[in-house]
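In what comes next, subunit A is part of two complexes: it sits with subunit B in the first one and with subunit C in the second one.
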Partner chain A sequence: MRLSYVIRRVFFVFMVIWTAATINFVLPRLTGRDPIKEQLMQQIASAGRKPEDAEQMWRKYNDLFGLDKPLWQQYLSYMSSVARLDFGYSINSYPRTVMEIIIARGRLTLPFLSVAIFIAFVTGILLGALLGWNKTPKWISAIVVPPLMVFSSVPQFLVALVLIYFVAFRAKLFPLGDPYPKTMIEDWSNPAFLAKYAYHAVLPILSVVIVEASGWALGMRAMMVTVEGEDYATFAEAKGLKNSRIFFRYLMRNALLPSLTGLALRLGFIITGAAVTETFFNYSGIGSTLSTAISTFDYFLLYGICLIMVVSIALATFIMDMIYPLLDPRIAYRGQRG
Partner chain B sequence: MNTNVKPVIDIRNLKVYFYVKAGTVKAVDGVTLAIEPGVKLGLVGESGSGKTTMALALMRMVRPPATIEGELFLDGVDILKLSEEEMRRVRLSELAMIPQGAMNSLNPVMRIRDQILDGMIDHGVRMSRSEANQKVEELLDIVELPKKVARMYPHELSGGMKQRVCVAIAISMRPKVLIADEPTSALDVVIQRQVMETITRLVKNLNLSMILIGHDMGLMAQSVDRIAVMYPGKLMEVGDVRDIFAEPLHPYTQALINSLPVLGKRGVFNGIPGVPPSVINPGPGCPFNDRCPKVIEGLCIQKMPPFREIKPGRWVACHLYEGVN
Partner chain C sequence: MRGFFAYVKRNPAFGAGIGILIFLLLFTSVGRLFVNPQHAYPLSVPANLPPNPQYPFGTDRQGRDLLAVMVVGTGMTLQIGAIAGAIGLSVGIVLGFVAGYYGGTMIDTIITSFIDIYMSIPGFLILVLVASTFRNVKLGVTEMGLIVAIVSWAGPARSIRAQVLSMRERPFVMMAKLNGMGNFEIVMKELVPNLLPFLVMSLSQSVYGGIMSSLGLEALGIGSRREPTMGMTLYYVQYYSAFMVGMWWWIIEPVIVIVLVLTSLVLTSFGLDEIANPRARRKA
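This part shows the complex of A and B:
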């Protein structure tokens, strides 16, 4: 791997983040909605304040958040705070900062979701590889493939609802929602808390794994069939190699490459994916925070989460770009040439 | 031909049938053929005549829906009766194949060194690291490749180099028989010749038997001792290469040789009119009957002539030679 390849990739990551941050800045301003006014109006309506105060309060808040300044100044100060990963205060949860909220919610989401994605990927890939392998008896595919097709095509929230209704509500095997019991204090050094966290995470993880593993399995199965048709698969058999070597080193190893790209992208979309799961499991993680931020039009929180999303996608792609030449020697070659 | 030598390959009534919706595809339909040790046999035929299926059948690598029947003796052992694991061990160590698609026959994500070694390792060869390196270098040297190739990946090699690696792999365990399925068809003519020279040199030096599959009569004439002419699913004629070219017996062989361009003579190529018959549910007669200029009405359409040895080492399946002995 050449240094120029790495530098090009790093530059690319920064360009992506910069572009995304700019769009992130422009887009909400194009909606023509004013979050502070809306927030104040709500408070006035519910708390019975006098409308005369509103004008003054609106000025005050605009001043506080810097929204009275010219657009270019707002942009510059926005960019400099983005560079420091400082997204200011949440409008709705003032005086909590956006970063505080992201960290507090993110640490509830990340463990369960990364475990879910990992389990889904590994089981899906292995299952798909076995199903696509020509040494696997045909009847196994005949039994296993139809359910996989169903699971991979139903929306995840449907699976979540079925799990919630039958497993949590009727059978009462698992809790209905929340990342941990409401009576407990979040303390990651406490084993009892970790156990409860894991217990609460079972159903959300299951809902992700059922849907995503099926998708990985079907994709991997198709890739296996393609790879088996390659000349090197025939030659591997003619070489009298052991089945295990052909399966892992020749077939799976090659069929895995497209799925790994998919995994990198999936990891990048960790937050968006979390939104659906968390909404249905009433799980106060980063995903549900995102959907709340959208519905309550919390500018700064939205900025923050969106930007973290972009950064995570860009980083995941970057890491993949760095690892891929090690997995597929042909890529590094192209990089050196081009 | 010395008939006292025990053949290293003895194929008896080999049938490879594919049972598909449209009917039974008789890709190989009753082939009988013997190859003596050290002999290079060329198996020629048009596209779709069952050459590659023959190669796969010899390696016992045809898969469902294909079925394989008959007897296939390798050094006196019927390999169709071996277990899967026994057959796996026969491949490469006794019966090795040089694949057809040179461009894509090597695993793109493994270094050449590992691809040369893994076959031997899976056949129980135990080597220290330095012994393995030495073995790889030695094999690369035999096929005229520099030793730095060992550390390379397939995409860093040219088509000819890749095919040389495949040859190195195929001879790595000194097999008795080498099956080369159009080993040079993916290469350009200059490289073709060089690779073919390497293969024939190795076959000679290591005293291997070879089945060279192809459609290029010119290439065959240069490389093999005996020729077997195949026409959809069946053998038409087998004989020493000189005899076949000097005096082709079967009308199909005659047409094939007539269709070769002649040096110095200008004119229109003599093709063979018509197309090969379908191998799905073939009729009872000779498969060449509708294109044959010497067809005997009635007889050739209704009855497949027996494949007979009409003089020592010379076999033909044609009603014209019925009764000749």
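This part shows the complex of A and C:
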């Protein structure tokens, strides 16, 4: 792997984050009014808010955006706050900062979502490889592919809704709502807590897996058909190698790589999709926090969560880009893009 | 017409997709003759009724006749997708053709890097930011389509660029150049007609993308609270916890309509892909 490639990717990640932060900065100013100020004033005016709190929030807001200064200075001070991951206070749950909330809630989302993406990817490619394999009877494909096409084309929360109704409400198999029972304390070193967390995460994980695994299965199936047409596949067959060896080492190994690129490209969809899914489950992770921030017009929290999501997706994609050449020796990244 | 049926027989995905799409369009247009569209709005009929002879689809918590909601809402959701898809594709065509035709030059580099960066920011987050910042704008069906269009141009632009890039080097384009055709003329007379099936497929894909985005936004409550679009219907299903009180009809109906809408568009693009890339034909 060339150093210039790494540098270009780092620069790209930086550009993505910078663009996202700029969108955050520009958007409120395009409205001609100041939606954040309006919301803040409304909050300050509403009962139950101590005047000192309001003043501190206002000062922080002024600080963050430097409203009396010229626009370019506002932009610079905003960017430097963002670089320090300082998104200010949440408007609606005042003494807490946006970053505090993101960490507290993100901690509940990250484990289940990573597990879900992993399970979805592995089942998806295995299923797809089996479906695309020429040794698999044709009728199996004929039965399995149509439902896969339906699942892969609907949003996760649609599957979630059906699961909620049939599995959680009718069959009462799995709980709805919180990531762990309200009577428990969040303690990640406690096995009992982990067990409960896993139990509560089953349905959200299932929603992600059903949709995403179907998509990867279809993609992998198509790739397998292409790989089977290659000369090395015919040669492996002619050598009389064992079926299992041809399947895993010759066909799957080669068909896998485009799926990995697909994973990197789709990460954004999965994560934002899971945010809506969480809302439907009433699962108090980062996704439902985003949805609460939207409905309560908590702009600092909203902008903070969006930016953090952009940053994490960009970083995850970057890491996958770095791993890719290790998995595919054919790619040496000689300075050419695309 | 006979040719069409013969073709559908060879390309069942295309036939099924178009078939479902026509059914949905008939459902939402002819259906209006049988229901009162006003009953798709709150407080027009008795609330919480399961399906019965008078309201075959039942009614919801807010007193909407769900049959009317499905008839009116299917049309609205398709309309949002059509607006977003048409705008997205038009912008995508302009950028894609410019970048592809000037492939390798400065213009191409600027356009493609911008698209790459823009596409690395999840479109859904951009939409959430835009829609909640402009919350004072009254969101109707058209506004929703316009907002969703903000993110639906980048995908088509990138894939059209790739197509133009590969087509630019073909002999017939060289020939046109030698014959002294202008750039614009070559694009309009040589490239566009050859890419037509591909462009139709892109349209169907961006309508699909637009509907997906609008559903996600509306499911979070961003959209017109009053209009009975499919996404808003799901939002209210969630808002009033329809699953907790066992109002299965309120859940199942929008789910079925959405599955039909999305599947028909995916099948159509799948079928069009076979027309656009004859080489991929019958491989699977």
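A few remarks follow.
To be clear about the criterion, the second predicted complex is superposed on the first by the 281 of 338 C-alpha atoms of A that agree within 3 Å, B and C clash if a C-alpha of one lies under 4 Å from a C-alpha of the other, contacts with A are read in each partner's own complex, and residues count from 1 in each chain.
Just so we're on the same page, a residue touches a chain if its C-beta (ideal position, glycine included) is under 8 Å from a C-beta of that chain, and two chains touch if they have at least 3 such contacts.
Since we're looking at a predicted model, the values are computed, not measured.
With subunit A as the common reference, the superposed partners subunit B and subunit C fit together side by side. Of the two partner chains placed by superposition, only subunit C is touched by A:T279; subunit B is not.
Of the two partner chains placed around the shared chain by superposition, subunit C is the only one that A:I313 touches, whereas subunit B remains out of contact. Of the two partner chains, subunit C is the only one that A:Y303 touches; subunit B does not reach it. By the touch criterion stated above, A:A236 is placed in contact with subunit B alone, subunit C being left untouched. Looking at the shared chain after the overlay, A:R245 reaches subunit B, while subunit C stays out of its contact range. Using the contact criterion defined above for the overlaid structures, shared-chain residue A:N134 touches subunit B, although it does not reach subunit C.
The larger set of touched subunit A residues comes from C, when the choice is between subunit B and subunit C. In the superposition on chain A, A:P28 contacts subunit C only, with no contact to subunit B. Superposing the two structures on chain A brings subunit B to within 12 Å of subunit C, judged by their nearest Cα atoms. Interface residues of subunit C, counted against subunit A in their complex, comprise 113, 116-118, 120-126, 128-130, 132-136, 208, 212, 215-216, 219-222, 234, 237-238, 243-244, 246, 248, 251, 255, 258-259, 262-263, 265-267, 283-284. For subunit B in complex with subunit A, the residues that touch the partner chain are 59, 61, 63, 88-93, 96-97, 99-101, 103-110, 118-119, 122-123, 153, 155-156, 166, 169. The residues of subunit A lying in touch with subunit C in their complex are 12, 15-16, 19-20, 23-24, 27-28, 30-31, 33, 35, 149-150, 152-155, 157-158, 161-162, 164-165, 168-169, 221-222, 225-226, 229, 268-269, 271-273, 275-276, 279-280, 290-291, 294-295, 297, 299, 302-303, 306, 309-310, 313-314, 317. The touching residues of subunit A, when paired with subunit B in their complex, are 134, 230-232, 234-242, 245, 249-250, 253-254, 327-330, 333.
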